[in-house]
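Note that subunit A is present in both complexes that follow, paired respectively with subunit B and with subunit C.
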Partner chain A sequence: MSGASKIPAIVTEVVEVNSLIKRFRFVREDGGPMPGFSGGSHTVVEMEDDGRRRLNAYSLMSDPADRSGYEISVRRDDGGRGGSMFMHARVKPGMRMQISQPVNLFGLDLRAKKHLMIAGGIGITPFIAQMAQLDGLGGRFELHYAARDRELGAYMNELSARYGERVHRYYDTEGQAIDLPTLLKGQPLGTHLYVCGPKGMINWVLSTAQKQGWPKGALHSEEFLAPPVGEAFQVDLALSGVTVNVGATQSMLEAIEAAGIDAPYLCRGGACGQCECKVREAEGELLHYDHWLSDEQKEARSHIMPCVSRFKGSRLVIEL
Partner chain B sequence: MSLDDAFKDPFFRDESFFGKYTYKNSPAAIKRFPFPFPEDDYMYSVNMEPHVSGRPGSVFEHAFDVDEHYVSEMRDRARVLADDPLRCQSLPHMTLAGWDLLELIMESFARDYPQWFELHKDGNKWHWINRPLGIDDKFTFLDESTLPYGPMEYITRQAQGDFTLQDQREDNLWIEAGMVTSQADWSLDFDIGMSFHEWHAPVPLAGKMGVFDRALKFLLQLQHGAPVRRFNWTMTVDPLLDTSPENYHKWGPSKTTLSAENIGQRQHLRVELQTLFRLPRSNAIAFPIRCYLISFEDLVSQPKWARRLHRVIKNLPDELATYKGFIRNRPLMIEYLSQFDDGAPTSPGWWADE
Partner chain C sequence: MTQTQSDEIMKSRPRYGVLSYRPGSTHFIVADGEGGEAVQSLFAQAPEIATTAHIVYIPGANGTDLSAALETLGAAVFRKAPSYGAARQRIQKVLGDAHMGLQLYAAGTEGLIGQVQRDAVEAGLPHDALQTEQRGSLARRVQCVHCKGITENVTTDPFVCSHCGLNLFVRDHYSRRLAAFQGVCIDAEDPGEVPPAVERFK
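Entry: the complex of A and B
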């Protein structure tokens, strides 16, 4: 759970952007305006998948100034646990769904003299909203966007048409790559760097910038992890006095929710820290997949993030 | 803009917060005073709760409380600002947060007090009417050049309480804009640019308990649409809103003039209703700090509050009484309040007994 009320919404458009990506538009069921939001925000979409409740976070990509509706893009993940499959196969215009209030874990630093954005694949979506917002505010930005090929480079043409020279495009299959060291060296003082894309890309961008001496406060990244699949296990909730069975394709958080327990969360992707739980007992191995806990905490086996992390062993007791 | 028509609604009192101090609570305002002690013991805590609509008539019936002191308080703010313009500051990157705050307050006022405020929107062309203050302005949302002040200053000259705006970055909150004219002994000019822990550093005991680490973590995750609130309190001699460090030389000495004869009229309990809102476009956090003052004399008209305040003041650790600035007059307060405490049990919660 999270304190804020959900937004009852209706899907008004489903657009096939390319063979892997679909775009969805939501408007409020009561016809009212959506809350304003800041570029980089996400919303959590609730899916009722034949009795199983799935909640996935997706970046908002529509113009934050447009309060008539929200748009997200979903990349189909054929090997995943089914949230994106559900969005692709089952969600049709006219469907009613609950979405969360916007939450921003990837905000713009408005003190920046310039915003340098680096996107890989579907990681483009938060930038689409950020660029629209900066354009309205008169902020200075530049986008470098890499995709596998022309077919999968969603929104490339629209963005170039809208922002012209400020958009730089790279296609892997055509042997184009961002010349990162040169790009980073040429930036004016006061530039902030933002990266969103696959893990490898984020690490590459951040480590290159750090090597060049960029201040930590000027580096921003966002990576939502999809909760990984794994083996089934059991967890005892010490405070609620309940034992929960976590299925192989279910996250611990989802299993806890299915047992009727209101557990805190925001991102459901191991990034925000909201779901952090103390571990009371663990006979076995804690499988940490988040990037919230520090290495010391992981080593001490003192905490776990139920939204993405799992367990392998005979007994796990957490404080919930 | 003119204040000439200000007092047409007799609901609003014409009173002063300085000089002759004609500030006073009506009987209805006493009944709805936010008495901050739910129990006979007081311990510093962060004690936040959802800022949802509360009891009809109470100070948290609405997101922002507009009460009988509104017009006079806004006049007092204008007076303080005329003396010291640095009471209102906003770093350049906080302008968007200022617009967020303006929108939040205008929408709330117009929805909750339609008899006094109106907001009409046609895209970004907005029309704002504030009857109690005699304001009728048309402007373009997000275009500063169409307002007489920056957006935060414009709207907080029309809203009771102090306001600060916190930017969020690097897993911290930075106080980078504010309108502060009725503060309990802290200074915007001194604190601007500080991080969360820096500006809380002076509270004794609390740092040790790790409450600020937990509070910061909680606030970083504050969600849009789910504001929270908490209370704070202190003591002020005379109903002076502006007890700022800049002006300590003006208000500090009044503490030495308190006596058994005048304490009932002059000693005031000062309660801050602090709320926190996540702002949508800027992702900043707005922190309205609303101040309520009640004289001891008025407060003891509610027997439950009289008994409880006596017990709280008597049992408060010395560090806290010192920090809150009333250690010197504590014996006088206890003596005065003890007349109204027969030792009877008090009912739970803070509401006055019916």
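Entry: the complex of A and C
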């Protein structure tokens, strides 16, 4: 299977949330209800960028109870590979686009007694859907949301208005920071911790929690992994008998797809495991960027995740 | 030493480890019978555990009672209870009042470990939060799939359900929610044709 099945959709709203973030609303082209989803899910948006097909995953931020449409927020990344720039510059209301069925790799554990959510910047989006879901279920939650400044703290005011005391806000420019050790110490037994934001923040939160004796099963994180840019390289696909050139700003998966080969994927961000590929030969260095393979697998040089990982060397052969 | 290992037959068959000290704010330890030996090793490994340790100990159904030795370990709280049922309210209260950072340990029979696991999950903890060590009797806690009654300390296979009297074959199929193995009628098709009981879970 390559990707979750597609939903033909129409963009009905494009809202400028602040100078870096735009919100998009999609409804089904056939007017029917969207598939149900749970908070934390993402959809993969397909972009036709002048002959180059881009597929980016974005968290669904609308209320899971609202089946009339899906909403996502996209932060423009001027130094990125171009997907967010395309969304900002080219996507207008009325446009037809393909989006994937929702997939959840960051779901709530509803057995928890309490949900403690920590968001950094645009990492707020999955929590917006999760809070709406928990509010509907009467679940107990608390959000700690840090942003650079008031202008960039997207949705902070709306969330405070809706959830009151349960929302705690922090602005870097005003010298506010989450007092994490104290926050974690005071959590009742049965609390699950969720963190979404930049890599540094995720590592800080997870390592602090582990140091304080939180079990791994109570820790959940999602990082928006964009495939890194790097040097161009070649990969031989042993089963298809094709050699593919991977460009510097292209991911291996994108290059394989551009060569007309239907490769498996789901998240395109190194998290779900769907694209895992066996490595047959590698003369050079496998550059692993995923969160999926174990350290042993990475060390054994036995597998690679084409959605985010790259290669540097003279010869790479994978089983695809 | 009576440390016991599980055979790997069915996926739901629980697997146990060896208690080891993990940093945390408090250490809550529940043990029965020979499980007391695992608690002694844990304290030998990390004597600093004592000041923040809370032990609940239940002497074994086979008569093993290590409470005198455990009492000398110097745990902040030590309580002896005649059965898990009698200790359960205390266990639930400790878990209900605790904060994240608490480390939870269970040692002894499978029936005890399973019940601690069940109460930990009810308290919202994930499965990996509990450290376990199986010691002593391999006796099983078995639920009769026919009458739903649970028989404790089953050592033979087949055995007679203590509730409905059917002859039950003990499967490796395990329920975390019930903390029990599954017992299925062995002579449903030919009533009375019951193979001799073998002591499988000593």
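In this text, the second predicted complex is superposed on the first by the 316 of 320 C-alpha atoms of A that agree within 3 Å, B and C clash if a C-alpha of one lies under 4 Å from a C-alpha of the other, contacts with A are read in each partner's own complex, and residues count from 1 in each chain.
Assume a residue touches a chain if its C-beta (ideal position, glycine included) is under 8 Å from a C-beta of that chain, and two chains touch if they have at least 3 such contacts.
These numbers were taken from a predicted model, which means no experiment stands behind them.
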item: Simultaneous placement of subunit C and subunit B on subunit A, clash or fit; value: clash
item: Partner chain(s) touched by A:190 [first = subunit B, second = subunit C, both, neither]; value: second
item: Which of subunit B and subunit C A:35 touches, first, second, both or neither; value: first
item: First (subunit B), second (subunit C), both or neither touched by A:109; value: both
item: Partner chain(s) touched by A:273 [first = subunit B, second = subunit C, both, neither]; value: first
item: Touched partner set for A:217, first subunit B, second subunit C, both or neither; value: both
item: Set of subunit A residues, in rising order, touched by both subunit B and subunit C; value: 109, 111, 216-217
item: Parts of subunit A lying in touch with subunit B, wherever the complex brings them together; value: 2-5, 35-38, 40-41, 64, 101-104, 107, 109-111, 133, 136-137, 216-217, 266, 272-274
item: Interfacial residue positions of subunit B with respect to subunit A in the complex; value: 50, 91, 93-94, 96, 100, 103, 142, 167-170, 217, 221, 223-226, 228, 280-283
item: Interfacial residue positions of subunit C with respect to subunit A in the complex; value: 22-25, 95-103, 121, 123-129
item: Of subunit A, residues touching subunit C in the complex; value: 109, 111-114, 184-192, 209, 211-218
